[in-house]
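Heads up, there are several structures right after this.
Each of the next two complexes has chain A plus one other chain: chain B in the first, chain C in the second.
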Partner chain A sequence: MPSLADVGQLLVNGVMAGTILAVPAIGLTAIYAVLRFPNFALASHATIGAFAGYVANARLGWPLLPSVAIAFIVAGGVGVITDETVLKRFRPAGYITTAIASIALTIALENVVRFVFGNELRGYELPIQRDWRIGAIRVGPQQVTNLAIAGVAMAALFGFLGFTRMGKAMRAVADNPMLAAIKGIDADTIGRIVNFVGMGLAGLGGMLIGLDTTIDPLTGFRSILSVFAAAVVGGLGSIPGAVIGALTVGIGEELCLLFLSPDYRSAVGFVAILVVLTLRPRGILGQRAY
Partner chain B sequence: MPYGLRMHEIDNGGDMPHSTREPRRRFLKGAGMLALGGMAPAIVRAQGEPLQLGVLTPLTGAGGFDGPRMAKAMQAVIDEVNANGGLLGRKVVLVVEDGQTNPEAAVRAARKLIDVTKVPAIMGTWASAVTSAVAPLCWESKTFLTTVSGADSITRLPHQGYLIRTQPNNHLQAGKHADFIASMGVARCFMMSIQAPFAEPTQTRATEVLKEKGSQMVGTLIYDKDKTTYRSEVDRALRTNPDLIYLNGYAPDVTILLRDLYRASYAGKRFAQSYAVTSKVLESLPHQVTEGVITVQPSADVTSPAYELAKKRLGIAEPDSYETQATDWASLVSLAIAKAKLATGTGIRDNVRKICQGDGTKVYSAVEGLKLLAQGREINYEGASGPCDFTDIGDIVDCKFRYNKVADGKFVLLKVA
Partner chain C sequence: MAVSAGIYALMALGVNVVWGFAGMINLGLVGFFAVGAYTSALLTLKAGWAIAGGMAAATIVAAIVGAIVALVTVRLRGDYLAIVTLGFAETIRIVASNAIWLTNGSDGLSGIPGPGRGLLSPEAFNLVYLAIVGVIVAIAYFVNERLRVSPFGRVLRAIRDDEQVASVAGKHVTLFKVKAFAISAAALGLAGALYAHYTSYIAPDIFVPLFTLYIKLALLAGGLGNNRGAIVGAFAVVFLLESTRFVIPLVPGITPVQGAAIREFLIAALLIVMLRYKPRGLVPETSTRLPVPPVAEGYQPTA
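What follows is the complex of A and B.
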């Protein structure tokens, strides 16, 4: 019989994992909300962000926070460029074609990273610290930092969507593109902004994953299925839904260890998709962007 | 140096043939010359088609550290063979495909090698899951396969002899590792294995041997790959209070496990395969995280003359087990083709044991063997990775292991046994 401390530890681990997962999941869902296709190129942008942060931190010797900002900016910038030059051309052909093009794009970009940096595993220049013990619960200082960064990024995004003109315009396009166009909102500009923010979040998420582990050209690719699961469970297109979905997947994957062998952990995310979509076909929070 | 570049170099390096286009090009060139100046027609010199051999190493993914080096080692042997006149009067060309350490990608690449390039042999599958997926394609198409994958299940596949592996199988490895762990005085061992075909058989065999030697396996678990953290798995292991944790995974996940064990203040011993804790892994982790980690790998036969030749050929001081195994595959396949006087998978299968075991003259390189075969002599190839003697199902009979310990971010040799 598992003790209360075990359950507590798993819950803490789940919240930590879920919060990190939420950052790229928000990116995926925001892009979906506005441009209406699942952009799998998120995987390579997460990798690009992680490597941009690596260059800033390990090569240029920058501290953590500016490196995280670079991860966001570079991934966001690359996101705008790849969308303008590649994915935009596919959109008139329908969302399935665009989604498949995004898979092709992600493999291409991943190989660009591999060409430049090679295959080996790389770690950030950060001291590794022992965990804190709070009663019977173990918490890592790096995880708490990651949690704080993810929290701040999400709060900033919600502030942007809730209080700025551009954020409101983004929500308007997501809710009703035709009405937004009639009101004079330029869908192209909004598309660029959502790509910058969405892929920027992916890059930030990639770096957060890398901070806790190591990075290589497959960093983003390894997490994309969990990110996708989180976004779908929460309701693809709903930004708060992505957060709830990520926490559901993160905590679910950990708590399942009470009953299951750890090698079934990944299955939990996908069982969660099946259960949630069977009961609520539009995800936990539906598809309203905000 | 980026591996993409390396692959390109190997794949298309200057002398890569364009066999189907070549005659037409020559014809056009000749016709062009005639039309231009009415000069003498180009003489189309008869020349045998190059003999293409398949290489399917992981150039990317978890095996991306070993794969490119293995491909290079094979190319070095083939360069020597070509300098000696090639095989069956034909120049040998390696066609390199990337298995990506991914069964699905490797199957696609193998299909290309078998159906399009029509190679008689594929050399180089690395991960057990990849070999398990590629092997059926090979035996069904009568293509010979050489591998370093360790899972016991692989040589038990109904491969009809179309497969050999130079890597000790899992049973042999797990037994020797457990023996070594017990010899260090470890009383309580815990084993964390990645979900892979070798996970359970390794755990079972190591548990048996530890018990025989008076030690104990206090727990095992199998974890999922591609996770960003293994904190909960580490908690589960630490609850059993182990003196040693055997991390039986690949580099990306073992790196995370080592970090998580450090964070959890685990002070016991850690033991892993050398492919999981590579020099690149040591570079990517702070020294205090890797300090004291013990690694094991099947050792090249460092006392063999073939090993000396491999050193010179590759221009490196200490070729490792993977480079030497790749050296041996290229040599074994070349010699088997020469012995069979036929470049087919079946020819290689039927002749490979005739050139590497038995009473023939011992030879330590492909070229040396080819010269004797040309004189009609019998040979016994002794490899750089070991004696290269195979059982009926394609397993090697014996091999040595090298144990290293990490000190201050560097490997220090403990022993070869």
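What follows is the complex of A and C.
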């Protein structure tokens, strides 16, 4: 019988995992809101971000924060380039073709990473720290740092969307592309920005996931099911929804450990998708972007 | 090699029903392939079923699973189907790697019986198996061709081209889509069973998303919605896969991992190029036209 402290520990872990998961989930849902297709290439961009951060941190010996920034910038930059050269051309052909192209793209990029870095598991250079104990609940300092980074990234994003011209223009395109075009908002520019921000968040998320464990070329793909689950549960296209969805999936994945072996954790995301699509097809918050 | 081409052809035929005819997306077709492979392997290995029985069960189980997956998503926009099918394939792989009591986990199942294996020489076994696969592909091709020109196939293509019009015409769009998905999943499941009994060994590592891309590429190479093309495309893809397996290691100075990475990259890049420039495939679907009855005598078009 699990004790109350066990449940508390799992809840804390779930909130931590959910907050980190929210970062790539926001990226996914933002891209969906503006460009209207599920971009599976998110997986490889998360991997690219994780490896960019790894090169900065472990090879060049940079401290954590600049490495995290590099993860964001490199993944965002690659996201803009791949979208311009590959995915953009597919969009007139419809979302099915674009989705298939994006999964082919993700496998292509993943193999570029594999070609350069090989299949070995790699870890970041981080100081080993003792866990903090609050009552019966243990928290790792690294987890708290990750939580803070994820929180700051999300706050910055909400600030960007709420208070800057670009952010408002992005929401306008998500809300009604035609009306936005009439007002003179250039859809191409917005597409580039949303790709940079979205894929950047994916890269940041990939690095945050990797900080807890190790990274390899499949880092992004392994977490894609949870990321999509978070976005769908919250309502695909809704940014606050992605946060709520990520917390739901994160906590759900941890609580399932009470009665399932940890290996099934990522299957929880799939079950969550099925339940939400059956009961509330538009997700918890619906599809309004913001 | 001809056997795997046959198995790919069967899968391409199956996928043609949903992607080519009905215009639905299935990014998790490797999941249905895995369901079929494991069903048949487990029934023959652990329950002592005959191989034919295992294959039949694999077909049926995959069809049921396909119908369930389709039912959940079919009322939603197609991109949800993309997410759910991809998630389905990943979930199957996770279950297959972790339900050790059933599937032996990542070690996989070995010693899956094949028809006449052990009694025949390896060459004879290959020939016998090739004949079996050939017959099944021929049947699947025939059924698919009938399906294409049947009222059922016409409705599917109508749904693909304009769902609303099809539904205004009184067609139960949901039901047709679920049926198409189940038929397609059945073919994938049978292909999985054929694969399991041929190689005698299956493991979760085989059922990776890359496999899904192979079949998409086969279908595009042959022509979407075109059954003969599906078979030709499958042979082309298997030829490509096998030839790159020999050519790439000849490149000096690369490790096996890098070689594998180049190969997978090429497949993915090729798929992107094909999708971009030949979205309906190299041999596009020919529209089946019904003969227009001659205008009746004395008919005056009203101006």
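By our rule, the second predicted complex is superposed on the first by the 283 of 290 C-alpha atoms of A that agree within 3 Å, B and C clash if a C-alpha of one lies under 4 Å from a C-alpha of the other, contacts with A are read in each partner's own complex, and residues count from 1 in each chain.
Rule of thumb we're sticking to: a contact is a pair of C-beta atoms (placed from the backbone, for glycine too) under 8 Å apart; a residue touches a chain by one contact, two chains touch by 3 or more.
Treat the numbers as computed from the prediction; the structure is a model and nothing was measured.
**Q** Looking at the superposed three-chain arrangement on chain A, would you call chain B and chain C a clash or a fit?
**A** With chain A as the common anchor, chain B and chain C collide in the superposed model.
**Q** Looking at A:86, would you say it contacts chain B, chain C, both, or neither? Reply first, second, both or neither.
**A** Touch status of A:86: second partner only.
**Q** By the touch definition at the top of the document, which applies to A:228: first (chain B), second (chain C), both, or neither?
**A** Once the two structures are laid over each other on A, A:228 reaches chain C alone.
**Q** Applying the document's definition of touch, where does A:13 land relative to chain B and chain C: first, second, both, or neither?
**A** In the superposition, A:13 touches chain B alone.
**Q** If you stack the two complexes on chain A, which partner ends up touching A:261: first (chain B), second (chain C), both, or neither?
**A** A:261: touches chain B and chain C.
**Q** If you stack the two complexes on chain A, which partner ends up touching A:269: first (chain B), second (chain C), both, or neither?
**A** second
**Q** Thinking of the overlay built on chain A, is A:119 touched by chain B (first), by chain C (second), by both, or by neither?
**A** In the superposition, A:119 touches chain B and chain C alike.
**Q** Mind working out whether A:138 is in touch with chain B, chain C, both or neither, as first, second, both or neither?
**A** first
**Q** Please indicate which partner A:111 is in contact with in the superposed arrangement: first for chain B, second for chain C, both, or neither.
**A** both
**Q** Which listed stretch of chain C (8-16, 62-70 or 98-106) steric-clashes with chain B in the superposition?
**A** 98-106
**Q** Does any part of chain A touch chain B in one structure and chain C in the other, and if so which residues?
**A** 111, 114-115, 118-119, 261, 263-264, 266
**Q** Within their complex, state which residues of chain B touch chain A.
**A** It comes out as residues 1-5, 59-61, 64-65, 195, 221-224, 226-233, 235-236, 251-252, 255-256, 259, 262-265, 280-281, 283-286, 288-289.
**Q** Please name which positions on chain A make contact with chain B in the complex.
**A** Chain A residues touching chain B: 6, 9-10, 13, 16-17, 20, 111, 114-123, 127-131, 138, 140, 209, 212-214, 216-218, 222-223, 254, 257, 261-266.
**Q** Which residues of chain C touch chain A once you look at their complex with the stated criterion?
**A** By the definition above, chain C touches chain A via 23, 25, 27, 72-73, 75-80, 82-84, 86-88, 90-91, 94-95, 97-98, 209-210, 212-213, 216, 255, 257-258, 260-262, 264-265, 267-269, 271-272, 275-276, 279.
**Q** Which residues of chain A touch chain C in the complex?
**A** Touching chain C: residues 37-38, 40, 86, 89-90, 93, 95-97, 99-101, 103-105, 107-108, 110-112, 114-115, 118-119, 221, 224-225, 228-229, 232, 236, 261, 263-264, 266-267, 269-270, 273-274, 277-278, 281 of chain A.
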